[in-house]
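In the two complexes below, chain A is the common chain; its partner is chain B in one and chain C in the other.
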Partner chain A sequence: MTTTVAGVGVGVRDLVTRNVRQSGIFVAFIAIVALFSVLNSDFLSPGNLTNIVLQYSYVLILATGMLMVIVLGQIDLSVGSVVALTGAVAAEVVIKGHAPWYVGVLSALVVGFLVGCWQGFWVASVGIPGFIVTLAGMLLFRGLTYIVLNNISLSPFNGTYYGIANGFLNGLFGGYGIDTFTVVIFAIAVVGYAVSQWRTRRGRIAYQQVVESMPLFVAKIVVVAAVVMWFGSQLARSRGLPIVLILLAVLIIAYSIVMQKSVFGRHIYAIGGNLNAAQLSGVKVRKVTFWTFVNMGVLASVAGVVFSARTNGAQPGAGNMFELDAIAACFIGGASTTGGVGRVTGAMVGGLIMAVLANGMQLMGVGQAVQQVVKGIVLLLAVAFDIWNRRRAEATR
Partner chain B sequence: MENETIPRDRILEMRGITKRFPGVIALDDVNLAVERGEIHAICGENGAGKSTLMNVLSGVYPHGTYEGEIVYDGKPVEFRGIRDSERVGIVIIHQELALSPYLSIAENIFLGNEQRTGVVIDWNATNVKAAELLRRIGLNERPETRIADIGVGKQQLVEIAKALSREVRLLILDEPTAALNDEDSAHLLSLLKELREQGITSIIISHKLNELLSVADTITVVRDGHTIETLDNHGTEPVTDERLIRGMVGRPMDHRFPEHTPNIGEEVLRVEEWTVHHPIDQTRKVVDNASITVRRGEIVGLAGLMGAGRTEFAMSLFGRSYGVNVSGHVYKDGQEIHLPSVGAAIEHGIAYATEDRKRYGLNLIDTVQRNISAAALRKLSRRGVVDANAETNIAERYRRELAIKTPTVAALAGKLSGGNQQKVVLSKWIYAEPDVLILDEPTRGIDVGAKYEIYVIIQRLADMGKGVVFISSELPELIGTCDRIYTFSQGRVTGEVAKADATQELLMTYMTMDKDVTVR
Partner chain C sequence: MNERGGAPLLSMRQISKRFGAVEALSGVDFEVRAHEVVALVGDNGAGKSTLARMVSGVLQPDAGIIEIEGQQVSISSPSVAHEMRIATVFQDLALADNLDVTANLFLGHELRENGMLQDGRMEQITRDVLAKLASRIPSVRTPLSALSAGQRQSVAIARTLIGDPRLVVLDEPTAALSAVQTAEVLTHIERLRDLGLGVILISHNMTDVRAVSDRIEVLRHGRNNGSFDASRTSFEEILAAITGATHVEPGLRSVG
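Entry: the complex of A and B
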């Protein structure tokens, strides 16, 4: 990496060391994608890419909230059960109650909010570790799901609710075999990205801070734009722009801002990094902890809506083990097991690694058993890398 | 001192002990001789080298890491670890007790030395023997009682019982009464006298001079890594606390302090009748009816020995961050204020920079920049969003002004040296723009050059019209920089000394002024 300011070699090295956790995971992701695209020609096909987005969106949604919980130094084991419960409530309201789709969505979100308040209360106000509270929640909400559904599955949603996770935005501008609308949306996104990067760069220069050299900056934008546009055109060749992808993009952008730029996000990092120091700096530890759990509950209900729409119904056993996928995504994405470290983008890449692994192995006809073994080993290696990296950092301290 | 002519029987002789740490000589040619069957006291200021000496003796610092010779029971010994010293009957009881809170008294006594037949623990033998030991030390508790259920005073006695179970011959107690109330202290001291009758030699390290004078047969004074003198407490000339204080502080002012002419204004903070109880042992008053005032532009020192209650006073004041049953009144610019939380304290313009930067001051795994902004993020944010560029600017400003040595403000705080970490903590609180800044041991563990810079920063803060409260264990530092000094002893304010009158002897006299301990 080069910079416009001379004599900051130490700083650059420091930057690289700090980002090796993140960049290492990006490299791993690219390697896995490359591996599967060589092994199976269908892997990068328009249809399959669309499938990956639809199939694993809920894990990414859960991982966003989970990352915040983990950075705080806590854990949430209950999200799988909350996905099931909120999906069940929505199904009761929409399928049995014949209410419109948005009433179903709203009631799911309210349930998720209440679940978050319940767990946040026990963790923040009573002071029980999140591990215990959410372990209890895992049982509690699973049990409630069975009660709500009366032990049987409910289906189908159909209509707009079904479309949340299965619908596409396309055809608005026509096109020949390729959806113009999708391409336009992606183009707007790329331009937006370039503009925001440019403004950030201007801001940093205005404050006389170190920035990348101009060629590097341009190269970075071009590479990102090329990859994104290629992905967009692949989607456009298939069924167009999945609605879930829009939801996902909005969530990822919003939560990246929360974690990187907001006071609330800073306080989460401060608490996870050193609880005592945070407290003595005036951070309202209880309040932040409470709202982080409430946020997790709401995001779990969003995932619940998406998952129930995707499966077009509610099952008592829905969302089983989702918590483990979400937690694994965070740790693979570089979050520290002791809190204080982790990024939303990291967790997303971690989630994508899990998704790509699962999808790729499915395409190759690898059995469920072997898939589990591979996922387990990947998680273990990722955390081992994290610990090794931290030890190295401490040795140079 | 007059010596008897009959040859004396020495259980321990440490000769020419020198112990070096990187950049510091902690002990320099120290000699210590302990007679068999006596109570030998060691006293000295914080950091004089008392604990280091005992760690050398007990093998915490193994043979080879120090120079000099230890003769125990007439034979030279080379301990490689605590186990070696324990095997020959030397047991050290540290200030922080090493008991397992959820095991019983009996289990703790025999931890690592289990009473067993084969691989099975013999619980009858364990409890019967423990009961015997408890009788011997006069502790009226059942052996099955959990350690967590008894007070600190009794826990201290259990440590002694544990030592006795290992056939102790030389018992070393490091500040045994620092955490005890008067009654427990008196009991412990009389127990030491009983053990002396049973032929057990003790070495006791303590700051409480009256206590030492009431139990010790011999007193050795340590200062700056040297043994200064050994006094016979039963000699013809009675040893007084003045005599000990002279030995403890009698050194030239060897630090340099920046010149400063204070510009003192109105009273900014007044604390009245501040009382704080220990969070666990709630009967113990850690701060007892303490009152202080601070004026704008003034640097006010808080002097006191370890455990005097200065940190507890400051932390309880700073949004009730320590203690229970806190009572008293706080006035800011003449108006009474209430500080139920850290947030409220910061809002009222009070800041507290902790003595333990790693545990309480910094987020070591985050950047310098984010540590600096941590206490005043609100000033850098609009509608909940932090302006990262402005934040970097602020961080860069303090990096320049306080000369923080770091490659970039994006470096992790944990990678900085102690002095620079301290400057980050100071930056954090200066940026919060307080009216009163409480600095707890701001120069602890940092080198001389950085100390000087910290003094300059403190004086600059005072010149900006802030009231500075400076807590330090180094008397020359307080005398050199403070306009007024309060002394704390056992939770109470025992003296108030103006800069002109401040001498180390005077401060030490107030700092060791304790409630009379009567030995039963």
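Entry: the complex of A and C
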């Protein structure tokens, strides 16, 4: 009997500490948004919100794949170079080769896939740590980018390819000064969110797990719905629904499902949590490791396409330091530095914190130098908070 | 009846294994029949875990033959062992702290439909299995990091009830357990035997060993050092074999 009570007690405490961690990120995010909206009246304007989405989408795309790599207990330092290489290949095909836009996209994806296979092979089959393999990859693929581009930039893409990162879906259902289609899409998203939260809650109750009280639960849903609908209406007031945002939403939902509901995702968590246990239990560690790196390569090529479309060309130096933004997004979003812990949604919030920080400081005319200092300190504090939090949880156990 | 007379469930003959300069096992014979609990005892470093890990597919012998129901086999990996319906509780438990109870129970053998987890069914089975073991685990969704040592051991043992095994290997399964929990594990072992399974029990606790096992095999310095009928052997005789006070020549072994 006492064991049961103790067990539940730990569960409650665990829930509280985990929520402190999670809500900690959200509170930080909201605080930053509030700060910048006070400091600068343009910050929450429709135009600027649209800008944030367009400007940082590729980091968020990278962070999705990076989160999986980090949960696996690995790291990928090469993604910035892969963004450059895949963008360069697409530019060669579309701009120089005059091929249609989708051929460019496809070639970029194929290159990303091959890059992933290459790195996955060295990590999974040869057993070299991902840190080393992808450090080599960072140099290797940057060099290849220079070779592919012959040391010069290529532009412009224009047309449909350009539209991937700069296009909007609007006017489908008309509207007066505000795009109805965008609003409808956001309304569907809000309803979906509410339903899934409700189902999770009922599941937790069925397992006698702790849930927030009903009024609190409803309040949470209402607040989230209000914020999301407001964000949607701001976009609708500007240029409508960015295509990139749709792509991003699809990726986030798909990869959340992969990580939480699929066998593959479960095995990634198991390998990162206890490699030995995973091996002894018959998890195919090599196979899972290999495909996680392949996935990262493909997502890096998606980011490469989006980035080259956004900049309307390919530059040898494109994507420099993107890997650091993506890695920082994961750790700020609660991923553990030792693997096994982290969520796609957490990495997204982490990425948004970085995005909002950068954008807000830009609006205020803060220079690159100070921006880097601030980003570095935020990353350090986020991880320090995480470690402090975990120590406290262990001490109270 | 047929089973008892026929080929043993597991037969290992002249098994040897070296780790560099350490000769962990040399020329060991070992046998388990269906409906039988065989205890494997010996001092620390005698080679018990090494032998168990060969049965679980973690290690391969340098020399020797392994047969399952008379068929010579190579248990080349833990997955192969699982396919041969061999389940193991490892000495270090081999659990993932970051996953919940259900995920640990099914780790590596998740119920799936088109690559997606069937969480509902897995949780249902987990609850049934834990109820059978009378283990006090707050919820099948509790992360392992929140469990006590005894609860973790219950989860490790519960894993042997997944996937219909015919041979169960338990390496020091009661090490972290209270008296009450130990009694439950011993009852569980007896239940496995009654179901017709073969069980290998590695333990330091002679009382436990004598309570449930049919036969006791002693290892000393990586060699067989006696095989005893549990019901007819005294505590002192077994201890003498473990410490080396009696030395049993391979040819003179009396297989009970």
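Here is the rule we use: the second predicted complex is superposed on the first by the 361 of 397 C-alpha atoms of A that agree within 3 Å, B and C clash if a C-alpha of one lies under 4 Å from a C-alpha of the other, contacts with A are read in each partner's own complex, and residues count from 1 in each chain.
Everything below uses one rule, namely that contacts are C-beta pairs under 8 Å (C-beta built on N, C-alpha and C of every residue); 3 or more make two chains touch, one makes a residue touch a chain.
Quick caveat: nothing in here was measured; it's all calculated off a predicted structure.
Engineer: Output check: A:L280 vs chain B and chain C. Expected answer is one of first, second, both, neither. What do you get?
Structural biologist: Touch partners of A:L280: chain B and chain C.
Engineer: In the overlaid three-chain picture, which partner chain does A:G365 touch, first (chain B) or second (chain C), both, or neither?
Structural biologist: In the superposition, A:G365 contacts neither chain B nor chain C.
Engineer: In the superposed arrangement, which partner chain does A:S262 touch: chain B (first), chain C (second), both, or neither?
Structural biologist: Both partners.
Engineer: For A:G127 in the superposed arrangement: first (chain B), second (chain C), both or neither?
Structural biologist: neither
Engineer: Using the touch definition from the top, say if A:A270 reaches chain B (first), chain C (second), both or neither.
Structural biologist: A:A270 sits against chain B and chain C alike.
Engineer: Identify the partner contact of A:P215: answer first if only chain B is touched, second if only chain C is, both if each is, neither if none is.
Structural biologist: A:P215: touches no partner chain.
Engineer: Taking the superposition as given, does A:G340 touch the first partner, chain B, the second, chain C, both, or neither?
Structural biologist: both
Engineer: Show which residues of chain A both chain B and chain C reach, each in its own complex.
Structural biologist: Chain A residues touching both partners: 8, 10-11, 14, 207, 209, 261-264, 266, 269-270, 273-274, 276-284, 340-341, 397.
Engineer: Can you check the complex and tell me which residues of chain C touch chain A?
Structural biologist: 56, 58, 77-79, 81-82, 88, 90, 92-99, 103, 107-110, 112, 115-117, 119, 123, 136-143, 145-148, 150-151
Engineer: Enumerate the contact residues on chain A facing chain C in the complex.
Structural biologist: 3-4, 6-8, 10-11, 14, 207-209, 261-264, 266, 269-270, 272-274, 276-284, 340-341, 397
Engineer: Which bits of chain B are touching chain A when the two form their complex?
Structural biologist: For chain B paired with chain A, touching residues are 318-319, 321, 341-343, 345-346, 352, 354, 359-366, 370, 374-375, 377-378, 381, 384-386, 388-390, 392-393, 407-408, 410-412, 414-415, 428.
Engineer: For a test of understanding, state which residues of chain A touch chain B in their complex under the given definition.
Structural biologist: Going by the criterion above, the answer is residues 8, 10-11, 14-15, 18, 203-204, 206-207, 209-210, 257, 261-264, 266-267, 269-270, 273-274, 276-284, 336, 340-341, 393-394, 396-397.
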